[in-house]
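What follows is a pair of complexes built around chain A, which joins chain B in one and chain C in the other.
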Partner chain A sequence: MFKKFMAAPYAVFMTLFVLLPLALVLVFAFIDASDGSFDMLANFKELAKEDALGKVVKNSLVAGLSTSVICLLLGYPIAYYLNKPEFNKKGVMIGLFLAPMWVNFLLRMMATKAVFNVIGVKMGMGTVIFGLSYEFLPFMIMPLYTTIQKIDKCYIEGASDLGATPSRAFWKVTVPLSMPGILSGLTMVMIPSITTFAVTEIMSNGKMMLLGDFIYSLKADSLNMAAAISFVLLIFMAISMVISNKYNKDGDGASKGGGLW
Partner chain B sequence: MVRKIFVRTFIAAVLIVLYLPIVWMIVFSFTDTPSFSNWNGFTFDNYINLFTGNGSNADKIQEAIWNTLFVGFFVSLLSTVLGTLGAIGLHAIRSKRIKTVYNTVNQIPLINSEIVTAIALALVFNLFATTLRITDGSWGVTALKLILAQTSFCAPYVLLNVLPRLQKSDNKIYEAALDLGCTPAKAMFKVVLPDILPGIIVGALLAFTLSIDDFVITKVNVTSFETLSTLLYGLKNGKQPLPADIRALFTIIFFVVFSLMMVLYKPRKKTDN
Partner chain C sequence: MNNDTKTTPEQNGGDYIIQLKGLTKQYGTKTVVKDINLDIKRGDFVTFLGPSGCGKTTTLRMIAGFEIPTEGKVLFDGKDIAKLPPHKRPVNTVFQKYALFPHLNVFNNIAFGLKLKKIPVVYTKPNGEAAEKQIKLRDFLVNPDTGSPDFSIAAKDYFSYKEQGYVKLCKIKKTVNKMTKKGRVKKLVNGYRYYIDEKVRRALKIVGLSDYETRDVNSLSGGQQQRVAIARAIVNEPKVLLLDEPLGALDLKMRQEMQIELKEMHKTLGITFIYVTHDQEEALTMSDVVVVMKDGVICQEGTPIDIYNEPTTAYVADFIGESNILDGTMIDDYKVNIVGVEFECVDAGFGQNKPVDIVIRPEDIEVTVKEKGQLAGIIKSSTFRGVHYEMVCECNGYEFTIHSTIESPVGKEVGLRVSPENIQIMNKEHVDNTVKAKFTSNSTMEIFGGVYDFNPEKLFENCIYDSENDILKINGEEYTLKGEEATVNFAFTDIDMTDDEYAAPLAGNVESMIYKGKNYLVDIKTDDNNHVYADTEYLWDKGDRVGIKIDTDKFGLVECAMLARKEDGNV
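Entry: the complex of A and B
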């Protein structure tokens, strides 16, 4: 009995600083800032008037999708080969891929920008996608690595015993079985990269905005409008949470890269 | 054979790209040119300036370091206490439904967009400020805001680190302690706590590093309060994105964090097997 009540402070804290804030987002998204009245559409109408929004959404989709694809194309082979028995220093290798995460991301972006300046690369969409992929690659590698690690090698041996070529066994057995990792990797790259803030600004010399930068710029004018966009993002987040939970029954948050820590 | 070479080259190439900017910064922390491109002779001046306070950004840097460490310490402390207690409580709860609620709430800060978390927290702080009539934007109020805000996403990480330890530990020993006349509190300190201590330490270090690394939530929720992240952000539009003393400062931080990570990494390796 005694033990159960030890969760009470945590429950109270999380209610006050996680659930209540989210509830406020839901409320403020539908409150008209000018007169404080409840209005389902006021903030969304205001948002529609913002000329920049269309471009921001387009840029966000392009940058988010490209970053996800690049991270998957780079991350999958890395996660796959680091799981091969021929790599005997797996721990060190995985550590090397994760270590940059522990360097402040602003610093990494500014250093990358400085390197780009030295070698004369023009800052723009390309460098933004580079920066985002740099930042989020570890978030793709980790869930993929743990998922591939858990795949029972018997399935692959079974496939080759039954006459499948190695490449066929890979595409028909390994890839489908690593689907949960691919999905949680994609959710951990896509939404954060679309809504990141400051990376775009640094990597495009302030010429480009993604959704995150846009929300931040709104914050000064109207928290209600920022809440309205946040509300839309929360819906996407909820959808991705449901999908990845469905594919990851055994995960106590392990699908969220919990294995990372 | 060809495939093996190809794979190793690929992995090496990705690693080189990942580390090039960091290595570049470290190398250029030993020269005092303002720009990042030309080498101006080897010197330790950048490092010496940091400690003597002679650098161009010295005052700001020292204030930011102090603020960051202060907030980081209390975030780590609060997250560790809340997260550990939460994990012990959650482990004892049998109801499936309550467990599901906890797990869902834990996931929210981990997968929510940082900017959405930041806006949500800004709304809640506005609400508190109006209902409690706090208009003061003083250092103390700002620090408190930051500590609460960062704890909201650090505490779940502590909980997720402690929970597996509890699941592995044997509850019978705790029960035996009670049977032998221990009070629940004493049994908790003498039996349960030592068992889960590695998880708690990893969680506390993790909360600390997450706190000192945080930028988005800090930037949205503070006005006149510099942490290392916001200080860096303030330099982004300058002619030289990384002044000499900043390069030295972050080289030191890089090595401190790197060694911290090695400490963090060891206990995890054991639990993996």
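Entry: the complex of A and C
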């Protein structure tokens, strides 16, 4: 019985700061700000009228997708080699790769911006994507690292025993088995990168907006609209969760290689 | 390839498909496999048998290519493949943990190897030179008339067949009965897919899993997964199939069934099987040749019958089947003393009054009335074991295990008889402990890292030791022992084992035990991988941490460089 009480503080916290706000988001999203009445579509219609939004969504998708792809392309080889004992003696290397997370991200972004200014790079979409990739790379490496770590070496041995060259074995066995890690890495990079706001602000000199910046710019007077955008994002997140969970459910997580988060 | 050097594989390796020459594997300073030499005959079912950690799996992995030997050769058809990566070796493995790919279904698991298959073909270059290249199975040329791949053309001029109207395997169309979720459906596929489909179906049929193609491997039972693993290996038609404890995870009934099936498969396929197990019954049931291993070396190799009936060491006898292992003395040829009674035997050439190990199988002891027996004893216990009774009979203080279909009641005085040919006599592996010792002072010596006190007057002849002034005289001359080395020996019985490792100068782990009717002969492995053998009446468990006390007064001096040096000097 005692064990149950241990969870009580967390349950209270969850209710107050997670469930309640979520419920509020839902409620606000469906309340018409002008007359306070319940209207399923009022806020979304309003959103559609917003001229800037189209561009923001486009920017968000471009930045989010390219950041995820860049992080995957950079993160996969890193996570793969970190799992080789000769590259990652006593976990030192993984520590080094995750070390940037210890520095405040605003500081990192400012410093990066300063460097770009010195070498004369034009701030814009390119620098935003660079900043986002820099910021979220560790979120890609971590799930991939654990997933690849859990892939039993016997599968690779099995493949090479059946005549697969090391590169064949990698593409035919390691990559498919690390799919859950790839998916969870992609979600962990994609969603935060399109909803972040400070990075875009700094890395584009305030010229560019992603969904996060857009919500931020709406301020308190249009809380309902902000809630509506959040609601759309929530749906995106739910879809990505469903996809990665589906991968984890086929067979047990251990043999499939790593659970999500 | 040059014609002069071209020989058939049969000529290269002779009768042997795989030969291990001086095979050694070390991890750091630990030697797991020590200088193994073994010839494996074409088509044989060979089993490596031994307890865990004996090096049997490492040996198999060196044949498969997952481990590169530190030293030695792995000859395949006479060609050294020790350094080849696994994917270039003509062997396939069935893994202990199956290693079926969880992201592929049964069909794709089995087809995995086939899809990667490449065939070496010869062709003529435009300038007329002969050349060789690897082509994928899908690009292999097929006779349009028969529609099936003819692998004999690989050895002829490959490209000239193209001009004769031969087409690529993937270019022809064929119908197959493809297994789908709804059952078997006729489907038009290309020749390459047809070929793979046929092979996979045939392999599944061999392992008795027809119609399982579309099943998810995770939904199969352990036994079925094992069958898929076997199918996945044999579909590639390897010359040698390696099996690493493949039945270890199955329950008894399933295991016995699979043993028979594996043996059948071996017969039908006609290829060489190399099997690794720690289960002696499994080894005896299936193998043509059993190789018993211990501590990285081969103890004995032979047919199951030879290994069972004529074990060469007490260790092998103890490992294979139940047996009575006893100390004996070879009085003379054909005469052996066991537990104080003289027996006739069929062995000769051991010498006179030589200590030997005796093995008598429980079913070879005949129980008669007290007067007719060679040994008299009392039945201590009797257990019904299905077909026979297992009885323990005590004679002259030693216990004998007897298997008989006729029960003798507990407490009955009986006579035991053993016919001469059923007494197996073996040289002892060790008659005593002979160790290198280093003196650390005039009265202490270091053995395997443990420092023992000893009395020099008992170790050396004509020795006077003044312990107060620390003066040591041998034959009237003064010596300082510190830093000198000697070889000493002591009997198994001079060791006292204690479960408090700090109460003794040296500690080790119990590696193995052999029951000798009254006492146990315990093999203790010290932390530096040295072995000390002790005779004890107490039962220890494998892996127990024990302190080794030695009665140093009983030490015998085998050799001492210091004294030898002195003698040389005098001469």
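Going forward, the second predicted complex is superposed on the first by the 242 of 261 C-alpha atoms of A that agree within 3 Å, B and C clash if a C-alpha of one lies under 4 Å from a C-alpha of the other, contacts with A are read in each partner's own complex, and residues count from 1 in each chain.
Everything that follows uses one rule, which is that a residue touches a chain if its C-beta (ideal position, glycine included) is under 8 Å from a C-beta of that chain, and two chains touch if they have at least 3 such contacts.
Since this is a predicted model, take the numbers as computed values, not measurements.
Partners chain B and chain C, brought together by superposition on chain A, fit side by side with no clash. Touch criterion not met for A:Phe38: it reaches neither chain B nor chain C. Residue contacts after overlaying the shared chain place A:Ala11 against chain B, while chain C stays out of touching range.
By the touch criterion defined above, A:Lys113 reaches chain B but does not reach chain C.
Legend: residue contacts after superposition of the two complexes on their common chain; A:Ser240 is shown touching chain B, with no touch to chain C.
Which of chain B and chain C touches more residues of chain A is settled by the count: it is B.
On the chain A superposition, the C-alpha centres give an angle at chain A of 90° between chain B and chain C, rounded to a multiple of 10.
In the superposition on chain A, A:Leu177 contacts chain C only, with no contact to chain B. Nearest C-alpha atoms belonging to chain B and chain C sit 17 Å apart in the superposition, given in whole angstrom. In the three-chain superposition model, chain A touches both chain B and chain C at residues 252, 256. Residue ranges on chain A touching chain B, taken from their complex, read 2-11, 13-14, 16-22, 24-25, 28, 74, 77-78, 81-82, 86, 91, 93, 95-97, 99-100, 102-108, 110-115, 117-118, 134, 137, 187-188, 191-192, 195-198, 201-202, 206, 211-212, 215-216, 219, 223, 226-227, 230, 233-234, 237, 240-241, 252-253, 256-258, 261. Contact residues on chain C toward chain A in their complex (touch as defined above): 64-66, 85-87, 91-93, 95, 97, 99-103, 112-113, 116-118, 216, 218, 232-233, 236.
Of all residues in chain B, those touching chain A in their complex are 4, 7, 10-11, 14-15, 17-22, 24-25, 36-37, 81-83, 85-86, 88-93, 102-103, 105-117, 119-124, 126-127, 148-149, 151-152, 155-157, 159-161, 163, 184-185, 188, 202, 206, 209, 213, 215-216, 219-220, 228-229, 232-233, 235-237, 241-242, 250, 253-254, 257-258, 260-261, 265, 268-269.
Residue ranges on chain A touching chain C, taken from their complex, read 152, 154-155, 157-166, 168-169, 172-173, 176-177, 179, 250-252, 255-256.
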